[in-house]
C-alpha cells in the first residue's frame, strides 16, 4: 500500500477540502501549459495555477500539523486515493475549451475571493494568514476570468455560443460551493470557518454583473450535483490522479 | 521500488520486444472503446485489441519462463518503466483520428502478418505455436485495416486528406520494423527468429497494392525514426503507462 | 376487432408473434419503446465500464473487461436489429436517444470510481439485468425473445465474472476489501431502482402483462434479486448498506428498507451524476465519426457506379 | 558608405545601437533572424518541460517547473518585443515558424522521457544556453542586449534548480540515480551540439563578430561549457558518456571525443525525434485558439465603437 490513512478531525477534513480544491484546480490550469490561445494567456494561466498550487501547499502543510501524524504536503497530494480526495466537483471538471476553463475559473473565483476575505477573520491564526494571501490572489483570478468571460460572451457568435454552453454545463456543479455538513458546522460554530451561505449573495451579484456585461444570463437554478466533499467524484478525477501521482506511486518513499 | 529488473538474455529481450508491441498497440486500440465512428467498428476495434492483448499475454508468459526469475505476464506489463519497454515507436503513437488508427494498423499488420507466418517455422516450438495463432489474427487485422484505408482514401475529399496526412505522419516510424541488432541477429542465426529484411518486399507490395486502391501513394523513404527497441521512446508512451500501471503501482503486490 | 381477438388468443396460447404477423399498433409501439431503450442501455452502458479498460489491474482483467464491453455493444446491435423488425430504423432510434427523447437504464448515470465498481457492476447490475431479462426470453414477440436468450447467456457469464472480481478483492488486502465494500455501498440502492418504480406506481405493467411482454411485476423481480444477492454479499463478507434489511422466516424473503424514489426520479429526469456526461460523450462520438460514415457512403456509391459500368 | 563607417565606429567603440539609429540592412536581417529564432526556441522549449508538469513528483517541483516554463514564455515574449523594434511583427515571426521557415534550437526536438530529463534540461540545456547568452548581454544592439540581461538572470536560476534536481536524484535510491545517469547519457551530446557546427564549418560567425553580435566562436563556447560542466558531473557522481573525454593538463581544458554531426544535420533538417510533434502541437494550439483571438478582436472593436458613441 502506497496510500496513507488520514486521521480525520473536523479541522483536518475542513482544511484538506480547501487544499484539494486548490490543488485540483491548479492542476487543471497547469494542463493548459503550452496550449493557451495567446501567449500572454500562457502567463496568466500559469500564474493562476501557481497561486492555487501555492495555496494547496500551505493548506496541506497545515493539515499535516493539525493531524500530527507526520504527513507532509506531498503525502496528502500524492498518496491519497480518489475516494479520499475531498474537492468540489466543479474544480475537477476537464478543461474543455478556453471558454469552459474561464467560466469554471469565474464560478470558483467569484466564490473563493469573498470566502478568503471572510476567512481573514478566522479564529484560527494559520488559516487567517493563508487567507490574507489567498484573497489577493483570488481577486486577481476573479478579475482576469471575468474580463475573459465578458470578452467571449460579447465577442463573436461562436465565442458567445461556447461561453453559454460552458455556463450551462458547469452550473449544476455550483450548488456544492454553498453546502455545509456536520463537520463544517462545527468549524463555523467555533469561528474557524465562515458559513458559505453568507457568501451566496455576493457570489450571485458578482456573476449577474459579469454575465450581464457578457450579454449572458445566469442559468435557472435546477438540480445541483454534489458528492465531492464526501469523496464521491466524477469519473474525471481518477484519470487526473493517475497522472499526478504516477511517479510517487512508482518509486514510493523517495526524496525528490 | 515497484519496478522489476529483467534479466535480459537475447531470447528474453527478443520476446519482450514483440510482447510490448502487441500490448501497446492493443492498449491503443482499447482506448477507442465507446468512441468508434460506427457501432460495428466498436466490435472490430475491440476484436483487434483483444487479439493483440492475447498475443502479449502469451509472449510475456513465455518471456517469464525463459527468464526463470518468477515474473508473470503482469510483472512485465505493469512493473517496467518506460525506458524498459521495448516496443516499436509506431505502435505507441496516439490514436489521432480514425484514419490515423487505421493507417497505423495497416502499417503494422502488413508487417506482422508475414512476420508471424514466417515465425511458424521458428526453431523455438513455443514461439512457433504463438505464431500459428497470431498469424491468423494479423491476417484479419490486415484485411480489415486495408478495407478501411481503401474506403477512406477513395471516399470523400476530407477522408482522403486525413488518410494521406496519417500516412505521412506515420511513415517515419516504419523503418524500425525492419531493424536488426546484435540480439536479433543471434536469434536469427539460431533459427529462433526470422530476418525482418526478408519481409520487406512483401510488406511493400501489400502497401502498394492497398494504397493504390486507396488512390494514395506510398511516401518516399525519408529519414526514419528509431529507438523503441532500445527503450528510447516518444513522449507518448509515458502517459500511456501512467494510466496502464496506475493501480498496480498504487497497491503493489496484490492479487486482482 | 376479430384480428385483435385472434392476436390475443395466440398470445394466450404462448405462441410467438413474428415480424410479418398482424399486431396491434400499441403492442408494436410498446415493443419498439422497450427494445430500443434496452438497446440504448447496452450502448450507453459501455461508458462506465469502458472507463476502466485502460486502467484494469491485470492483463487478464483488461482482456475480460474489453471483451465484456464488446459484448454489450453486440447486445445493442442485435437488439436494434430486433427493433428494426418492427419497422423502425436504427438511425431513427439513435437520433431519438441523442435528442434526449429515448431513455436508457438509469443505472448507467452513476460513475465508476474505483476498480471494484467493475466487479460491482458485473455482480449487481448484470445480476439485476438478468432478473429482468430471463422472463423476456419467453416474451411473446419472437425476435425479441430470441435476442434475449442470447443476451441472457452472455450476461450470466458477465455476472459470474463480476462476482469473481468481488471475491478476489474480498480475499485480498485491506485496501482491496475496503474498495469492494465501498462499491457495494454505492451500487446497492441504484441497483434496486433498476427494477423500476414500485408496483403501486408503475404505469406500463398492465398492458405489457396482458401481451406477455412482461411476466412479473417490478416488485416481484426486485424481491427475487434481493433474495439471490444478499446471501452472495454475506459469502463475500460484505455488509449490505441497508440497516433495515432482515430475513423474514415466514415468507422466506429478505425484507429491505425504504428506497429513495426521489433519487430515482431525479436520475430519470436527467439529473443523475453522469447523465449529461454520457449524452455528451455519445453525441461527441457521433459528431467525430460523421466524416468516416460519410466517406464510407461515398465509397459505396463509387463502388456501385463502378460495378454498373463494369457490368 | 559614410553611414556604414560611422556605424562600424560606434560598434567598435562598444556603443549600443538603438531602434531608431541607422543600421545596415544585413545587420538588421541578421538580428531579426537571430532574435526571432531565440524567441521561437523559448516558446517551443516550453513543450518538452511542459510534458512533465502534470507528473512532477512533488508539489514543490511541480510549482517550480510550472514557474520555469512560464518564465520561458516570458523570455519568448520579450525577445519577440526586441525583434519588433527592428520592424517585424510578432505574428509575422510566428507565421514563419509555423510555415517551417524559421528555426528554433535543435535541442528541443529531443523528448523528455523521465523526470530526470527535467533536471538534465535545467542543468545542461540551460547551462549551455547561458554560455551562449552571457556574451549577448554585451551585444551591440541595445534592446537585445537588455533582454538578454534579464533572460540570463532567470536562466541561471533555472540552471541551479536543474542541478539541484540532479543532485537530489543522485543522492536518492538506486532507481533515481540510474534515472539521472540515463538522462545525462541522452542529453550530453545534443547539448554539445547546441553551440552549433564547429568553427571550421560555421557560416555566420564572420559578420556577426564584426558587428559584435557574436563575441566567441562556437568551439570556444562549447569548450567553456564542457570545462564548467564536467566537474559538476563528477561531483554528482555521474559518468559523462564520452569514453574519449580527458583532462589536458597543458591547456587546462577537458578534451572531448568526436561529435556526431550527422545527427545534428538531421535534427536541423527536421528529422529529430520530436520535430514533427513540436510543430504539430504549436500549429494545433494556434488553430484551437483562433476563435478566442477572433472573439477578443471582435470585442475590442465593439468597445471602440461604444466609446466613440459615448464620446
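Read from first to last, the chains carry the letters A, B, C and D; within each, the first residue is number 1.
In this section, a residue touches a chain if its C-beta (ideal position, glycine included) is under 8 Å from a C-beta of that chain, and two chains touch if they have at least 3 such contacts.
None of these values were measured; they are calculated from a predicted model.
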* To do: Spell out the chains that contact chain A while also contacting chain D.
  => B
* Does B-C or A-C have the larger number of C-beta pairs in contact? -> B-C
* **Most distant chain from chain C by Cα centroid** => D
* Structure fact -> Distance between the CA centroids of chain B and chain D (whole Å) is 36
* To do: Using mean C-alpha positions as chain centres, tell me how far chain C is from chain D in Å, no decimals.
  => 57
* Structure fact -> Each of the following residues of chain D touches two or more other chains, namely 55, 173, 175
* To do: Give me the residues of chain B that touch two or more other chains.
  => 1, 3, 81, 242-243, 246, 251
* Based on which chains are in contact, what kind of graph results: line, ring, star, complete or other? -> other
* Where do chains touch, given as pairs? -> A-B, A-C, A-D, B-C, B-D
* To do: Show which residues of chain B lie in contact with chain A when the two form their complex.
  => 1-3, 81, 239, 242-243, 245-246, 249-252
* For the complex, which residues does chain A have touching chain D? -> 23, 27, 30-31, 33-40, 42-43, 46-47, 49-50, 53-54, 56-57, 60, 73-74, 77-78, 97-98, 150-152, 154-156, 158-159, 162, 243-244, 246-248, 251, 254-256
* Given the complex with chain B, which residues does chain D contribute to the contact? -> 48, 51, 55, 111-114, 173-175, 182, 186, 266, 269, 271, 273-274, 276-277
* chain A - residues contacting chain C, complex -> 1, 3, 81-83, 169, 172, 222-223, 225, 227, 232-235, 238, 242
* Asked: Which chain D residues qualify as touching chain A in the complex?
  -> 43, 46-47, 50, 53-63, 66-67, 69-70, 73-74, 76-77, 115, 168-169, 171-173, 175-176, 281, 285, 288-296, 298-299, 302
